[in-house]
């Protein structure tokens, strides 16, 4: 009842309520027979796998019986069922060891999200109009199978595409296999912040095309070039565990952390020393430090013989990288460079890390190789290593080229899974135009987002907690890790797991596809893939396959005994000379470097629909529910921009508006914006909120790998309005707070 | 011996990742305020990570400081409550009895840490988000103060379990939601009266301070100061 | 006094009424969605601990509740208990944790698949099962949400508290009746007698 | 000065029997305001206190400001009238009743506000100590519990203090009226016949009450100040708050009294009774209190400034220089800069002059309370958790409604009770040196009520 009506007719309603007695609406619901019997009030703990980032942490789900409003057999009613109440880290899991980050914790809300797509739906209006109608699964699947059949029959099987965010585990296997036998090209993996550059660099330097693992618990000194390894980069939980140990886990031994970046990240905020370096020049700085080490013979040159050979001039002691020369290029003083070289080599166990923005320049690979060379030079105790893998399956990699291919030659039919390029790819890549040309798009999305709003048919996937989950850890552990979990709860809605749908489609398509995918359900496929691990030394020591399968489900996966995967001889390649980063936009017109960064709350934006994360104050700005742009206070003064003002950020590609946050942790010639807000259409919590910095990125790529150089755009700033227009919600200091609180001591 | 629950916050370990904040929301049925209410200063975070800037570019420094209810032994919030809704339990917890609270909000004003929150409205969850609510914790209705309870539901569950098994509680047998999630182990919870517990050991660390200790509130949360890196000791 | 006689009084009453209506109409804001989000998403419903209406609020305040709710099935505790069934046979969980299960159709039919299948009430249960529905039992003993009580059965069972101490003698009842008023005084009395904690946080959190 | 007892009775009973159209318009306006407040409160009750502008960490604002303000106003009456009675200041006679009425009504309003401001008003009865099955008593350590007792005592005491000297006047009304009215006043007059014994008892009772009510009044506002002073909030935790609040209360009370008298004088045509001398004398009192208020404010701020404790200085500068500076300096102007010259210069200390000064003081003292409550709460110890406060229309309405309620109660009071004590005026007529002279009841002229 509405409030105003209440007051008007409160007396009347009192009488009505008296007549009505004690009946209330809920009691008129049908109650369905429970599908699963749990003891009420007692929590059951079930393992699962976290899917919100690629780290692949192990979960424990606290499941308790509750009463849910559901639709069963077309009728609405109440059912007693196991409900997931809380996610914790799985203490046995080698990656996260019982710990879990904010995003992982909040992923629970994906299960109960009020805007989940609860039934298969078919588009009725124009594309993007958001008009859908519910259809039943049989019809939906028949329709897709018919399309697949027609496509194959007409000899254009190659015109089927599958676009997904990079996955891990058997889902990759399943999708790839399906496409292969069907005759389609391999899946297109896309996410905005991909790691192709670093994987390539690591392949060249260390022989592993993978993200590195850092045993920070053994480090005495860490120098990190741009990687927000405590916040969002690589395997943040595993790295945070190591960080805690590196700080206070060893009595009397406290490591130093030096962070080099032009915008202070969460990791930078924790560093003992924070050094601003000119964007894209991190590699030069690393080589400047290496120069001092080599020149003063602080470490044997041979220590980095392999990785050094990839850098031109290494053998000669990097003559071009004298501290003074480097100071000119990077803005970091020669004295600091020299001091860092001494500190790095004098500390017991040092490590150099790179990740994030330094790789997102046109010279990203050079930066990575340079830091890798420095790493080999100073890392005496193998703080950096690589997580062993069970097979030689390389991690799947986001590919801008493939996305380009999609735009260049739109396929006849597209499967869409957990990828949202309309939000996360710069418009300059013309994905929207490509999608418009594809006649038939099928999405497995659980939510309407910008991309799945374009779909012709949506076959909603189960939430992760309702599905069989598996993943392979690329990094974060000294063991090979295969995480596995059965569904923690029964499905709430009329959804079906994507793998099962794909297997079912395979059967309907028949022929080779059905033969290649003989499993009835995904768990059968998982079992077939995992059971061979029984004979390998690891966390499960049982006699039979059945026991292994059961134990893996209870434990939340299988992991090998610890074994460090050592660097292997590097791939031969001509040495690289220093390359300057290129930027889109002339410095005169666009005076500011623009850094879109992975949000602590929303990752690449795919978590913006979770209310817990929307209301999570950003730890550096304390902003909630908002978009903002970080500006140095001096720059703000110069441009007449005050805290909370509305600012237009314009690049050659377009402009966005966001509230200004004046932050001392950013260089005066740079502005930064978190990625995540600015969704046009992504549930009630994210739609129409803030601005999307990815939408003004220039389509520059890293020269060698072709991966998106997302830090290579330049912008200009202008104040366009006051705080009323900007609507910046800060947790700290109330409505008009300023971030420079000085705490009285 | 009776328990005395306490916590250690190691500022040198804390990375400001805010896993604790979401963990607390999930565990304790803390409603999401929404943008409008958050803009009015009514977002509820029983634990928050405060951030203090020191210095300017190019040498800015940041201090993170998780602040939750300090469970003071001499809590300013307790004597001011006219109905005993805010009182001290025998186990040293600074408890808020929801059903006894009439909502004077005096306790929140008296609290120097600003860790008490008021239900300005009845909380709301868009269905079916409410299915996540923890049945072990009350859903607080309008007009009531609430605050960090040190996850009293977990304390009670563990105590009942230990009693059923006729044994003493073990250190580390359970912990609060925030401490459980904390990746860098910056939050340590336990029994201060158990001299062998980790929290008791860390509380007596020479890095230990109390937040606003000069006010004499005698908090049961100890902050361990950030360390410094000394080049000389790493020769 | 005299001034208020006759038409003037009528006028005043009319004025006050019109005025109140006006205030409600004009001054009170139109309802706005408090939850964030744009209008295009239609809220499917909101869960809130608020009372559904003023009457429910008053009822809660004065602690009014039906003593003998009408149940969908005329279950007889008398008969089942006389046959020697222990309470925990149906009310599973009572000795393990906070809650006692209210048995569903599956529990009933596990016996009544073969026992007394011809009775009309049993036929009703069988019909529920055939429709895939559970029995919509009406809760008899419950705490008001505003009491914020986290009651846990198991410690009471372990302490040897008889079920009847709180739920009265069910051997004499058909469907359960709320014969004992489980107010705070009732709990406190017993806790005081048995010398167990009467600390607020024992039950309220 | 009216010449005769008949004249006095006629003049002072007239408002009870005759009312102008203006009176009813005033009543209608006051009622509207009150009803608006009732509606706003209903809305608040239904929705929650979220309809106010409160937030974390500003959990008190307009509500407590108004509470302290009205309790402060209440010190007009009782304290002044009691002190004047005790010191036998003869000029007090026409002043006491309207002062005491202000007290009763503003304490009543002051007592209602906390009931409205709590989160769950329906449970306010838990403040009352009564044996319950729950075995819980109110927390006697809480300043709010002290408040409850202090205010209920003060309300009872000041009602009695107002009632006692009204008994002979009730009898007078009883004697001149007929019908239902006579019945009501018969009850109110408690069988007053004006026998010497009754007069003697009344004198004794009034004397006792006058003695008792002074410490009660002082304690009430001291306890109200302890709501703040007993918490470790910067700029609240101060030992000066007790006397500061009492002085401020008397200050605002006198101002309210002067205002009320000026209005009564104008609207009830009491020029003959409320004469310049009364305004002159009260004006002098107000001047004293203004100086005292300034002394306290100065002492409080200077001590805080020299103490230089960072949390206090944050609040200090916030109110003096930053967001609250306009309000702060308005307060200083209203409470000191304007009233002191007006009241100090004899030529300006006229009825209009004192009324203007009083109006300023009422505004200034409201601001003073606001500036005590809000800036401190906005800026407690940890700057990260600082907040800001803006009132909403609900709070504005409730505040306006409290003034409406005051006006309505006062208007109705003037309709049912002579606003100036008839018998005391008569005593003044006959007495020399302030010794009361018993007026035998039978010697009174019977006044015919207008038809």
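Lettered A, B, C and D in written order, each chain numbered from 1.
We adopt the following convention: a residue touches a chain if its C-beta (ideal position, glycine included) is under 8 Å from a C-beta of that chain, and two chains touch if they have at least 3 such contacts.
Computed from a predicted model, the values in this text were never measured in an experiment.
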Centrality ranking, top chain (CA atoms only): B
Whole-Å separation of chain centres (CA-atom averages), chain C against chain D: 48
Rounded Å distance between chain A and chain C, as computed from the means of their C-alpha atoms: 45
Distance between the centres, which are taken as Cα means, of chain B and chain A, whole angstrom: 29
Residues within chain C bordering two or more other chains: 24, 28, 35-36, 43-44, 98
Interface hub residues of chain A, defined as touching at least two other chains: 3, 6-7, 41, 114, 611, 614, 622, 625, 684, 689, 732, 734-735, 741-743
Junction residues of chain D - those touching two or more other chains: 39, 43, 47, 55, 381-385, 387-388
Graph class of chain-chain contacts, one of line, ring, star, complete, other: complete
Chain A contact footprint on chain B (complex, rising order): 10, 12-13, 15-19, 21-23, 25-27, 32-35, 38-41, 43, 45, 48-64, 126-135, 177, 180-186, 224, 227-229, 231, 234-235
Contact footprint of chain B on chain C as seen in their complex: 34-36, 43-50, 98, 145-150, 152, 154-155, 158, 197, 199-202, 204-205
Sites on chain A touched by chain C in the complex: 1-4, 6-8, 10, 13-14, 17-18, 22, 24-25, 27, 29-34, 37, 39-42, 72-73, 77, 79-80, 114-115, 130, 611, 614, 625, 683-685, 687-689
Residues of chain B touching chain C in the complex: 34-37, 84, 87, 89-90, 93, 95, 97-100, 121-127, 129-130, 135-142, 149, 152-153, 156, 160, 163-164
Complex interface listing, chain C residues touching chain A: 21, 24-25, 28, 30-31, 35-38, 40-41, 43-44, 52-56, 58-59, 65-66, 69, 92-93, 96-101, 104-106, 129, 132-136, 138, 153
